[in-house]
Structures are given as structure tokens and as C-alpha cells.
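In the two complexes below, chain A is the common chain; its partner is chain B in one and chain C in the other.
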Partner chain A sequence: MSPITIHAENLSKTYQVPEREGGFGAAVQSFFKRKYNDVKAVQQVNFEIEQGEVVGFLGPNGAGKTTTLKMLSGLLHPTEGTANVLGFTPWELKPEYLRSMTLVMGQRNRLSWDIPAADSFLLNQAIYRLPDDEYKETYKELDELLELEPLMKKPVRNLSLGERMKCEIAAGLLHRPKVLFLDEPTIGLDITGQARIREFLREYNKRTGATILLTSHYMADVTALCERIIIIHHGQLKYDGGIADLSRKIAPFKLIGVRLAEVDSHDLTKYGTPVQNEEDWEKQYIQVKAEDVTRVTSGLLADLPIHDITITDPPIEDVIERAFNE
Partner chain B sequence: MFLIFQRLWQVNWAEQWQYRANLIMYLLYWLVSPIIYLAVWTSIASSKGDVNGFTVNDFVTYYMVLLIADQITSNIVIFTMGYKIQDGTLSGELIRPIHPMLTNALVNNIAFKALTITGLIPVWIVLFFLFKPDFSTVTLTGILLSIPVMICAFFINYLISASITSIAFWTTRVYSINEFYWALILLFSGQFVPLSLMPKVIQEIAQYLPFQLLMYFPIQVILGNLSRPQIIQGYVMAGIWLLLALALFNWVWRNGVRRFSAVGA
Partner chain C sequence: MHTLKLLSAFFKVNVQMALAYRADTVVNILLNLMWLGWELLSLNIIFSNTTSLGGWGIGELIALLGVFRLVNTMMIALIWPNTEKFNQSIRDGSMDYTILQPANSMFLVTFSRMTIWRIWDLVLAIVLIVVGINISGDTTTSLNILTFILLTVSGAIIIYSLWIVLISLTFWFTKFDNNVTILQALLDAGRYPATVYPVWLRIIVTFVIPIAVATTVPLQALRGDLDAVRILMFIAIGIASFLVASRVWKAGLKRYSGASS
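Now for the complex of A and B:
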């Protein structure tokens, strides 16, 4: 058994969120007396992660994933509970701790917007006190895996979303951190981009033995990278274990999307449970049990004037929402 | 550590060049009021002969040195860091193993100054030929003595400004607090009017405040208007205020970061 790298015990975070109704009266009132609402973002979360593990951290929006990552990386003080990462208490923000971990969150973290990424990289080399040869070697590896070189000389603001993400991840890894906290590392990337980042993370983990905790919206990220997943929902830990066990739990569902030849929508409730898909207004979606897919599909094709039909796994958020609300 | 500052300089210098137009606007904004005071006071002095012993040349030399002192001792940390605290982008800098305010933001300000001072040079030369000031009282000793004070004053002002900026950890009203601070500077630094023309009471108070170190004191040192004990007193005040400003900043920053991490960014 490898040593424990990340340890969280009763980790809890309650935000106080000011609350007020709209309108002038309420605005005046809130000037004198503010009402606060306690929002329990994370409640009594316990887990341990061993060195070299790649763990997927899942949950719907607002589940507390980012809050937990922020606590583990040191940006947030917990309201209750403790955490220990690499022997440090994260929120003390000790320089030795900051030099041995990385947090990749969003796209405007480590790179200066107005100048080429190459300059920001050199700055990071100095900040993390990396000797020239070590820096060059790491850069070469990162370049091999992410194809950075063509992006290095353009101002970051002129890079595309995916290019920026690649540079951001590379900038966060120049100092060869032992622990990686990645919040949605593939967000906004196309399929190739996602695959490349995944491949890269797997390789990095293999080469350096780094511990990786990542959140993602994409089930594929998680299935490709993580053997273990932690699910958190409404701030509470709902599942911690192998991915195989969970997929047995979630496998029963598939999403069928149909685009009909006629504009007016048909009632699809008799085929399965209708679901909203905000990213795709053209199609109507229904959720059906996996074993019914063939039967329902042929039924749909026979009954309705169908232009286009897709069968997909439900998005991870829906799966979790469903798995734990039932 | 040296390498960090060197690389920070490269990055910030390059960044400042990206905003040339912005820089020129800042410079104009910064130069307009002293030049107006210069014009107003010289025209008053020339119509009356002098103002309480201040001749036209006294005003011209005073304000022309003030333009330089003001550029050296001022900063814009409130504009470069305030919003980062408010919108949470500070997070990215907090998890780097260097102090956000005392490294990156500091170098950013110095890069900014290097450029605005360069921009000041042609303006200054034009003013020189316009007003033809008599700088005969200026000595090399005076100039050399003023430099450490101005550097010290820059840091005092920077640390106080950084403390005010850090109030953004608690409230979004930092800009109005900063306006108030700048009003104090305007009044007590000798920018609005040379301090020796102020009522006695204000002069008494001003000599114990940090603001006169930003402009009035170094100007008078350069112009050779101060006695040795007055210069020593100014140096002592600069030392004391530097320590106080450092302590203030440390306290505000530490508590601010704790609050930042308590409420979430």
C-alpha cells in the first residue's frame, strides 16, 4: 500500500450568503440589516487518497466539488474538519506546499493574458526555482505530449479556448507537482483535445507517480483515467469506490434523441421518460432502460417520421442526480 | 529571488507596453492637476509680486520638481489589484509560492512608473522652456539626499495603498476609501499648495504625517530650502512611517487573506 497523500476528515464548509428580495424597499432594508443564509456547500466529507492514485471527483453543479478542491489546495478555510495533503495543512499556504502541488481551475490562472505564454512559463520557472536543465527537460516532455511549441509565441488572449487550456495545464505542471487538483481540465475542448489531455494526464501519472484528483463533466474523462471515483451530492459524500461498481448502478439507462421530420412535437412519453437537453433543442430526448433500447428504437422508427436518431449514455450529472434521488 | 524579480520585470514591462494608450491617459491625468496648480499659482504670484514671500520662480521650481517627485512616489496598486480581490482572480496568485502584493504587483507598479517617467521627460522639457525656471539653489547634495527619501516614500505610499486595496477583502467600497486617501495626499503632501503657505496648524500636523514625504519634503530637500535638523527630522519620519506602513499592511493582508479564504472567492 502506498502512503496516504491526501487525507480529509469531516471536511465541511458553510457559506454565508447575503439574501434579499428585489426592489427598492428591500435594497434600503438590506443596507441596514442584512439577512444571511447558511449554505452548506460541503458537509462532513471523509476520504483518503494514496500516492499515485487518479481519482475522479463527480457531482452535479453546486454539489461541492470545487469547494472541496479549493479547501484541499488551500484557497479556502474549512468551517469544520481538517485536511492534510503531503503532510501540510493546505490553507496555511506554506511556500513548500505551494511548490509541490498545482490547482488548475479555469483558464485565467497562471498565464498572463497580454503576453505570449513563453514569458509566463519563464516567470513560473523563476517562481518555482527550477534549474535550467530541469525546466528544459520538463518543457520538452510537456511539448511532446501537448504540442505547445506553436502556441508559445502568441499572446495568450489570441489563443483559442483549447490552446489556452493546454498552455494553462502545462504552466501548472512545469514544477512537476506531486499533487494535481484539476477542476474541469477538459472543459470547452473538442474530442481530440479532450483525448489528448487525458492521454497526457495518464502518462504524467505513470511517469511521475503524482496523485491526481480531478472533477469533470465528461464521463469519458473519468472512465478513461480513474479507477476510483468519489461522488458528492448536496455537499455530502455519496459514493467512494471503484468505477466498475458504479457503472453497474448507472448502466441501466440510455438516452435516445430523435429529430422528427415535422416540426410539431409528438408525445414520446409512451416510449420512455422525456428529458430536457439544453444543449440540443433540435432533438427530443427520452430516457430508457438499457435492455429496452432495441425495442424502443425500432418502435420509434416504425411509428414516427424520423430524420435523425442518436443513442447515447446520459450525461454524468443526470446519472448521479438520478442515481441518488431515487 | 533576484531571478524572480528579473522575470517579473520582463513580464510586467511587456504587459505595460501592450497598454500604451492607457498609459498615456494615466500620465495626462497625473500631470494635469500639478500643471494647473503651477499655472494658477504663478499667475497669482506675478500679479501680486509674491504670495507670502513665494515668488513666481519659487512656484515654478516647486511644481516642476513636484512633477518628478509625484511620478516617483505614486502608485496605481488600487487599480491593478482591487478588482482581482473582488472578482476572485487573486486565487491564481495566492497559490503561487510568492507574495502577490510584494512581488508581482510591486514590480507591475515599478514598470508602470518607469514608463510614465519616460513620458514625463518631454513634458518637463517643454515646461522648462516655457517658464525658464531658475534652479540655482539646487545642489548635487540636495538631489542625492532626496533620492533615498523618495524611494522610502514610494514604499510607504505603496504599502498604505496596498492596505487600502486589501480592504477589498471586506467591502466593495475600496475605491471611495482610496479617493479619501488621495484627498489627504492632495492636501497634506504640498501638491495643492506648498505646505509653507498653509495655516500654521496644518503645517504642524503635516510634518508628522506621511504625506509630506511624498512631495513637499523631497522637493524642499532638492531646492535646498531645509536646515540640517529639518532634513534629519524628515529622514526619521520616513523611517518611522515605513515601519508603521509595513506593520499595517502585514496586518490587513493577513486578516484579509484569512477572510478571503473564509468566505470564498
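Now for the complex of A and C:
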């Protein structure tokens, strides 16, 4: 077992949010007498992450993902509970801690807009006190993985969103952090852009053994990268474990897709519940209970003229939706 | 050593940013040359018509103007652009990145932007101070000049500290874009020697709002008007205000991390 890198214990955060009714009178009244409402963003969250793990942090908007990530990175003091990352208490913001972690937020820019990213990189080199040879070596490695070189000569404002994200991520990794907190690193990117970032993170994790905790809206990010996921909903930890386990636990269903010789000529409802699959129009899909898969499959193969058959897990979106509505 | 390296890195980035847009660069150079010419002209007008003000000689007035301009350059070249950046970074959340960098956040916030075109102003201010000291040279000693320099530095630190306190308030108020306007208004009071103000106002200007300390006091030192106790007191005020400012800044950061989402 690898050593524990990230440890959260009873981590909780309550915000005070000013609140008022809509309308002019309410606005004036609120100026003199402000009402606050307690919002429990994160409640009593516990987990441990080992060195080198890639963990996906899932949950709908406002579930408390970003708040948790901000507490672990040191930006927020928790209202209650403790956290330990690499042996440090994050919010003490010790320079040794800051030098060994990074936070990349997909929706925020750290690179200067008007100048090429290379110039901002050099500024980071100065801030993180990186010796020239070490900086060059890291840069070369990142260039190899992200193909940065062609992007380095253009001002950041002239880069596409995907190109800029590559540079943003590279800027966050120049100091070779041991822990990566990534908040929506693929947000707004197209499918290939997402895939490239994902591929990079997988390779980076393999090469450096860095611990990665990422949040994402795109299930594909999580399924492609993380063996373990943590689901948070209404500020509470709902699930912590493997993706396969999660599917087994809350959705003991499989999807069987079949491509038939003659389309639409056979009724599949007697084998299982038909489901739409927007990514694959060629096949017809039915949902069956996990324990019935073998029986149904052999039945299908015996009864129907089948060209192709697949058995898959249901999409993770559905799986999580089910968990949240419990 | 590392601080210097970081400063030079910031300077380079700011030069690069200033040169990023060609037309903008050309306009800036022309504008600043014109501005410099205008400043020199107005200095000429002032000093061809005045020989003393409030009991101050021409050399001292030139030096006072130099000190005032030095402070003004600090305002225009550092404080204004960094305030703008600071306010923006609070609004768009990029302050988060600043906080997570392994360097003193107050330092990062102070030097991340520099209006490099104002380097001429810096030169002009120093020339004015040197010329002023030279003209009043027969009445001053090298010890006076030394205390003058010390108190000028201490004065700049006081104004800087005041700025840090004002921008730190943003952490509590979330939106406080008038922070520098207030500082500028206070600073304008330092344009004239504090002795031209009535006594009650002088007390406010010296002790409540220590702007006079930043501009007039160094000049009094140059004239040899200050005794050792007062010199030490003013230096102590400089050190104290810096300490208070860093405390307020730290408390502000803590507040930020407690409240922001």
C-alpha cells in the first residue's frame, strides 16, 4: 500500500450568504438590515487518497466539489474538520506545501493575455525558484506530452480554448508538483481536446506518480482516467470506491446491443427494456438485469439473425443520476 | 537576491506586455514625451516666478517637488495599475492563483504590474531632488542629506502601507473600487509643505494621515529642522506602519479564505 497523500476528516464548510427578496424596497431594506443565510456547502466529508492515485470527484453543480477542492488546496479554511495533504495542513499555506502542489481551474486564467505563454512560464520559474536546467528539463517533458512548442510563440489571446488549456495546465506543472488538484480541466473543450488532456493526465500520472484529484462534468473524463470515484451531493459524501463497484451497487443492469440482419423486424421487448443510445444508431439496445445477461444473450443468439452483439455497463450519467435520486 | 530576481522577472514581463501592441506602444512613447515636456515647462514657469513659499527657499521647493513627484511616480507606475489588477483578480477569482504561489502575496500584489513608461518620471524626480539639494547646498550637511534619504524611503513606505491597508479592505467589502481614489485624495494634500496649512490641519495631516511625513518631513530633515528624536520617531512610524499593513493584509487574506466561494 502506498502512503496516504490526501486525508480529509470531517471536512465541513458553511457559507454565510446575504439573502433578500427581489424588488426595489427589499434592496433598500437589505442595505440597512442584511439577512444572512447559512449554506452548508460541505458536510462532514471523510476520505483518504493514496500516493499515485487518480481520483474523480463527481457531483452535480453546487454539490460542494469545488469547495472541497479549495479547502484541500488551501484557499479556504474549513468551518469544521481537518485535512492533511503531503503532511501539511493546506490552509497554513506553507511555501514548501505550495511548491509541491498545484491547482488548475478550467475557468480561470493564470497566463497573461497579451504575451506568449513562454514569457509567463519564465515568470513562474522565478516565482517557484526553479533552477534553469531543472526548468528546461520539465519544459521539455511537458512539450513532449502536450506539443507545446508551436503554441509558445503566439500571444495567449490568439490561442484556441484547447490550446490555451494545454498552456494553463503546463504552467501549473512547471514546478513538478506531487499533488494535482484539477477543477474542470476539460470544460468547454471539444471531444478531441478533452481526449488529449485526458491522455496527457494519464501519461503524466504514469510517468511521475503524481496524485491527481479532478472534478469534471464530463463522465468520459472520469471513466477514462479514474479507477476510483468520490461522489458528493448536497455537500455530503455519497460514494467512495471503484467505478465498476458503483455500477454493480446501484445499477445492477447491463446493456445488450444487437445489430440484426433486418432492422426493425423483431420485437426485443420480450428480452428486456429497450433503451435509446444516441451514440450508436446501428444497434438496438435493451437493458437487462445483470444476473440475466447470460440467459438473455444466449436466447437472442439462438432466436435472431444477429450480426453483432455487445454487452456493456450503462452510461455513468445514468448510474449517478440514480444514486442522487435515492 | 531572490527578491531581485523576481523583480526583474516582473519587469521583463511588463516590458513585454507594454510592447505587445505596436500602435499602443508608439502612442505611449509620444504621449509620455509630451507629458515630460509639459512637466518641465510648468516647472520652469513656477520657478521663474517664485523664490519662496511658506518660508521655504527655491532649492528646498525644488527638492520638495522632487519628493512629491517620486511619490507620485510610485502611485502612477505601481499603485494604480496594481490596484486595478488587484480589484479585477478579486472579481474574477484569479486571486486564488496569487495566494497559492510560494512567494509573499503582498509582494506579488505590489509588483505584478508596472507602468514602465513612467521610468522618465522617476529620473525627473531624482534629478529634481539632486538639483534641489545642490541649490540649497550651502545650508545643508551630508548628515542632513542622509536623514533626508532615510526619511524619504520611510515616507514612501508609509504611503505604501496606507495603500496596502486600503486594498486589504476589499477582502471585507468584496467591492471597494474607490480604494486608490481615497489614497490619491489624501496624497494631494502633500503637494504643498505642511507648514502652509493651519495648525489643526497640520496635526491631522501629520499624525492622522501620515502623508506629510512622506513629503514634507524629509525636506525638514534636509534643512536640518528636525532633531534626532523626531527623526527617529518618523523612521519608527515608517516601520510601524509597514508592520501594521502586513498584519491587516494577512487578516484580509484570512477573511478572503473564510468567506469566498
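One rule holds for everything that comes next: the second predicted complex is superposed on the first by the 251 of 326 C-alpha atoms of A that agree within 3 Å, B and C clash if a C-alpha of one lies under 4 Å from a C-alpha of the other, contacts with A are read in each partner's own complex, and residues count from 1 in each chain.
Throughout what follows, contacts are C-beta pairs under 8 Å (C-beta built on N, C-alpha and C of every residue); 3 or more make two chains touch, one makes a residue touch a chain.
The shown structure was predicted, so the numbers you read here are calculated from the model rather than taken from an experiment.
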| item | value |
| --- | --- |
| Side-by-side fit of chain B and chain C on chain A, or clash | clash |
| Touching partner for A:Gly81 - first (chain B), second (chain C), both, neither | neither |
| Which superposed partner A:Leu93 touches (first chain B, second chain C, both, neither) | both |
| Touched partner set for A:Gly257, first chain B, second chain C, both or neither | neither |
| Chain B versus chain C as contact partner of A:Asn109, first or second or both or neither | both |
| Partner chain(s) touched by A:Gly52 [first = chain B, second = chain C, both, neither] | neither |
| Chain A positions touched by chain B in one structure and by chain C in the second | 15-16, 67, 70, 73-77, 91, 93, 95-96, 98-99, 103, 105, 108-110, 112, 114-115, 119-120, 122-123, 125-128, 155 |
| Chain B contact footprint on chain A (complex, rising order) | 13, 15-16, 67, 70, 73-77, 91, 93, 95-96, 98-99, 103, 105, 108-110, 112, 114-115, 119-120, 122-123, 125-128, 155 |
| Residues of chain A touching chain C in the complex | 15-16, 41, 66-67, 70, 73-77, 91, 93, 95-96, 98-99, 101-103, 105, 108-110, 112, 114-115, 119-120, 122-123, 125-129, 155 |
| Chain B residues within the chain A interface of the complex | 3-4, 6-8, 10-11, 14-15, 18-19, 89, 91-92, 94-98, 257-258, 261-265 |
| Chain A partner contacts - residues on chain C that touch it in the complex | 2, 5-6, 8-10, 12-13, 16-17, 20-21, 92-94, 96-97, 99-103, 108, 254, 257-261 |
